Amino acid sequence: MPSELSTVTGFNTLRQIEASKIFQGAVIAIIILSALTIGAKTYDLPPLVEQSLTVMDNAITVFFLVEILFRFAACPVKRRFLLDGWNLFDTIVVIGSLIPLDNSEAVLLGRLLRVFRVLRLVSVVPELRFLINSLLKAIPRMGYIALLMFIIFYIYAAMGALFFAEVDKELWGDVAIAMLTLFRVATFEDWTDVMYATMEQYPLSWLYYLTFIFLTAFVFLNMMIGAILEVMGEEQNAKQAQKAHDERDEIARQLQSVQTQLQELTRQISERR
Amino acid sequence: MPSELSTVTGFNTLRQIEASKIFQGAVIAIIILSALTIGAKTYDLPPLVEQSLTVMDNAITVFFLVEILFRFAACPVKRRFLLDGWNLFDTIVVIGSLIPLDNSEAVLLGRLLRVFRVLRLVSVVPELRFLINSLLKAIPRMGYIALLMFIIFYIYAAMGALFFAEVDKELWGDVAIAMLTLFRVATFEDWTDVMYATMEQYPLSWLYYLTFIFLTAFVFLNMMIGAILEVMGEEQNAKQAQKAHDERDEIARQLQSVQTQLQELTRQISERR
Amino acid sequence: MPSELSTVTGFNTLRQIEASKIFQGAVIAIIILSALTIGAKTYDLPPLVEQSLTVMDNAITVFFLVEILFRFAACPVKRRFLLDGWNLFDTIVVIGSLIPLDNSEAVLLGRLLRVFRVLRLVSVVPELRFLINSLLKAIPRMGYIALLMFIIFYIYAAMGALFFAEVDKELWGDVAIAMLTLFRVATFEDWTDVMYATMEQYPLSWLYYLTFIFLTAFVFLNMMIGAILEVMGEEQNAKQAQKAHDERDEIARQLQSVQTQLQELTRQISERR
Amino acid sequence: MPSELSTVTGFNTLRQIEASKIFQGAVIAIIILSALTIGAKTYDLPPLVEQSLTVMDNAITVFFLVEILFRFAACPVKRRFLLDGWNLFDTIVVIGSLIPLDNSEAVLLGRLLRVFRVLRLVSVVPELRFLINSLLKAIPRMGYIALLMFIIFYIYAAMGALFFAEVDKELWGDVAIAMLTLFRVATFEDWTDVMYATMEQYPLSWLYYLTFIFLTAFVFLNMMIGAILEVMGEEQNAKQAQKAHDERDEIARQLQSVQTQLQELTRQISERR
């Protein structure tokens, strides 16, 4: 019994430490330090600084490992720890940077994994987590529009690869390259150079580009308007429903009291009969 | 009578097959396969793969023909089959890819018609049909704005062709080319190169470009704002009218009951006179 | 008296002709013909076609003169004819293309005045007039934002001309040229070329460009949001006020009837005392 | 007492002068003159004009000094004068341009301080002050989104500096330069040149650019939509709450009168018992 109690007490202490502002602040500070270390390594540095950065890097790796184990210990239901998306993400990032990598190729991969540590900032700061969650919620809404966009791109890319492949292999060689070129056209990036090149062989090819630009711009614009309206609709409906309910309630209450008064009156009159 | 009944039963079976999820899934799968075939053909492939792609292409053409005949058979009123825009579109695409084409020029055209098969995805997936319908509805709303834009482009193009034709024949040769150049300016694509070239001869020509950019941007912006407002207005009006009606109904019902109570009371009192 | 009457009758006939669909259609057709003539002249044409175009041009000029005189005759209060903005605009365009111009310089000016005839389409088609009027209404709303934008541009241009003039005279020579360069930067047109050039001498000059881009983008974005909100607010207020009024009216009417019933009841009871 | 009264009278006179339209107009005129002087100095001018500009510049400096002292004198609570942001800003600008600067380097700095005088236009015109205040209010709303954007830029820049540094030192040399390059990519400024260069060594690097563009565009779009919704929500809530209150009030008043009538009726009936 006392041992069980001490376990519970120890467990609560763990949770309190985890939830404390100081602990959270320390984690954020270490993540920012880690981000700075990653940034610093992209500069040409004297060997001494380089070495101390590597030492610091390892220290940060150990800290993150300890922190994730600590959070695992503080988790009430161990089996559900990895079911939470943020915990899973943190665990993968931490374990990923633990793998020892020696040859030059792997060093690059190891560094890449360390870069993703910066993303841990998102999982630690609650406001950023909330922001990411609301952004993720916005994705399905755009699903069918994205599919429609893809179909437009695919058809134009197939047409482009069919007709313009001999004009410029680099830009219209196959469907995949043509889709990249069309994305370039959609961002208006030197699109006239692409157009003038094909217009020399096909003088009417400006029709291809103009219809493509109008189509994508039109679909994109309507998608944006749709997104604004949908989000707005949801928010307003929630707010207005609440407000309308409050208003109606007050009037309904007054009417109820009128009805009660009338019933009382009717009762009195009928009693006097 | 039995023969008529069996026809009706057969007809209903046809409709059931057409509406079944498996049938629809198969059609979508074949369309995607067709799209992949079209895409694959833009790559340099070994002759064997090329041949098998051609065989598959023909198989898909036959499948689409069978499918359209099947849908025609399942259509209750045959005369109205082609009046539906989507059916008409499908029929044209299918018949288009049936035409045998032999010489190299026509092969290109034949391929082009096959590209449009991908668009059949839009006519088969109901969500995409709905999306396209709502996009088509948005077009007339922009009609007069588009006309105004065209007038602005035409006037500036006529002015450009008048003054700048001798500066650069390629960009300002005639009204049509000048309109293309202005569209380029409107997308900000290397527009300063165009401007600096004309400013050497007409130092004040920056006025031409700046007024053009401001005019088109201003009209475009107001068009976008207008579109947002209009769609929003329609949706909100529909929702609010419904909600307001519901609310008023409840209060009106309560008031009605108050009035009934009062009438009853008045009747009682006047009876007692 | 009969002469006066006939004048009135003649006057009414004029007005009826002016307002008739056929007359309006004819004017629109002539304007479009005039626009096509202007466009055709920008192409290299055989002398015969060129001559016939000139003849047609003169015929159109005469037609427009007759039309404006006709409209002046149909105007009930002659003094107010030019007070209407659209009439004034039409008169200037028509009179402008009447001035005989012979030498080559003036021919260009004469052609330019003819280009503006296309704008008459706006003054004739009522939907376009309405559109232009609503666009003009949107201008004052953006007045102070435009002033703020101008101040930002001026300050950055003065700073640019102060520091970067020796880097590139063509881009930063004086305040006016620097403002044009900044407009180019604001449209993202090869702005990095401009930046990389100044960064060679002033390595920190990226701060200048980035703050400028953020400032203008931020002000522009807020201007757009503000414009959307303002227009939306106006429309909604008008609609909602009307709807709210209608709803309240119905409930108020019911309540009024309840009060009348109660008064009647009270009267009956007090009578029986 | 008389001396005190005269002080108060003198003080009120000061305030009246400060608040008068003529005084404000004069200040605005001098600021615009000052802006023109700054602009004029960026042109190559004959020595005489240059000298007279310098004289005018000094006169303006003196005027601004007198004006700020005047406003300080007119301020009722002297200690709070600098607590107002606009006063502090004006004082810094005026004192800054007082510092005597002789050597060529310092002349540039002195001129730079004079440029900021144009900003005083914002502090003098009330509408611009209001605009700036409302823009400042919009900043915190975008805080966490800006942080998220920065994290995305930092991670991509670290990855870019890691992989692409050997491709182009000028564009991907270190994290800071890579962030500038990514900002360039985000504005679509010759981003395909950057991409094609890295694709030669890493053929899959288009994935890096496309994911970056989609991520930043998606976050930016949602930020914009969020901003529109938030501002709109605030405005509408305020308006609707007021309107709903007004409506409810009227109906509640009517119901109150019904209840009073009923009470009176009940009283009469019970009296007659």
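Per-chain numbering from 1; labels A, B, C and D assigned in written order.
As a working rule, contacts are C-beta pairs under 8 Å (C-beta built on N, C-alpha and C of every residue); 3 or more make two chains touch, one makes a residue touch a chain.
A quick note: this is a predicted structure, and the numbers were derived from the prediction, not measured.
Participant: Compute the shortest path length in steps from chain B to chain D over the network of touching chains.
Facilitator: The fewest touching-chain steps linking chain B to chain D number 2.
Participant: Could you check if the interface between copies chain A and chain B is built from the same residues on both sides, meaning over half shared, or from different ones?
Facilitator: different
Participant: Of all chains present, which has the mean Cα position farthest from that of chain D?
Facilitator: Between chain D and the rest, the longest centre separation is with B.
Participant: Averaging only over C-alpha atoms, locate the centres of chain A and chain C and give their separation in whole Å.
Facilitator: Roughly 42 Å, centre to centre.
Participant: Between chain C and chain D, what is the gap in Å from one C-alpha centre to the other?
Facilitator: About 29 Å separates the centre of chain C from that of chain D.
Participant: Can you tell me which residues of chain B touch two or more of the remaining chains?
Facilitator: In chain B, residues 188, 190, 228, 232, 236, 251, 255, 258, 262, 265, 269 touch at least two other chains, as defined above.
Participant: Which of line, ring, star, complete or other matches the graph of chains that touch?
Facilitator: ring
Participant: Please give all chain pairs that are in touch with each other.
Facilitator: Between chains, contact exists in these pairs: A-B, A-D, B-C, C-D.
Participant: With touch defined as at the start, can you tell me which chain A residues reach chain B in the complex?
Facilitator: Per the stated touch rule, the residues are 144-145, 147-148, 151, 154-155, 157-159, 161-163, 165, 173-175, 178, 188, 190-192, 206, 210, 213, 218-219, 221-222, 225, 228-229, 232-233, 236-237, 240-241, 244, 248, 251-252, 255-256, 258-259, 262-263, 265-266, 269-270, 273.
Participant: Using the touch definition up top, name the residues of chain D that touch chain C in the complex.
Facilitator: By the definition above, chain D touches chain C via 35, 38-39, 42-43, 108, 111-112, 115-116, 118-119, 121-122, 127-128, 131-132, 134-135, 138, 180, 183-184, 187-190, 224, 227-228, 231-232, 235-236, 239, 243, 247, 250-251, 254-255, 257-258, 261-262, 264-265, 268-269, 272.
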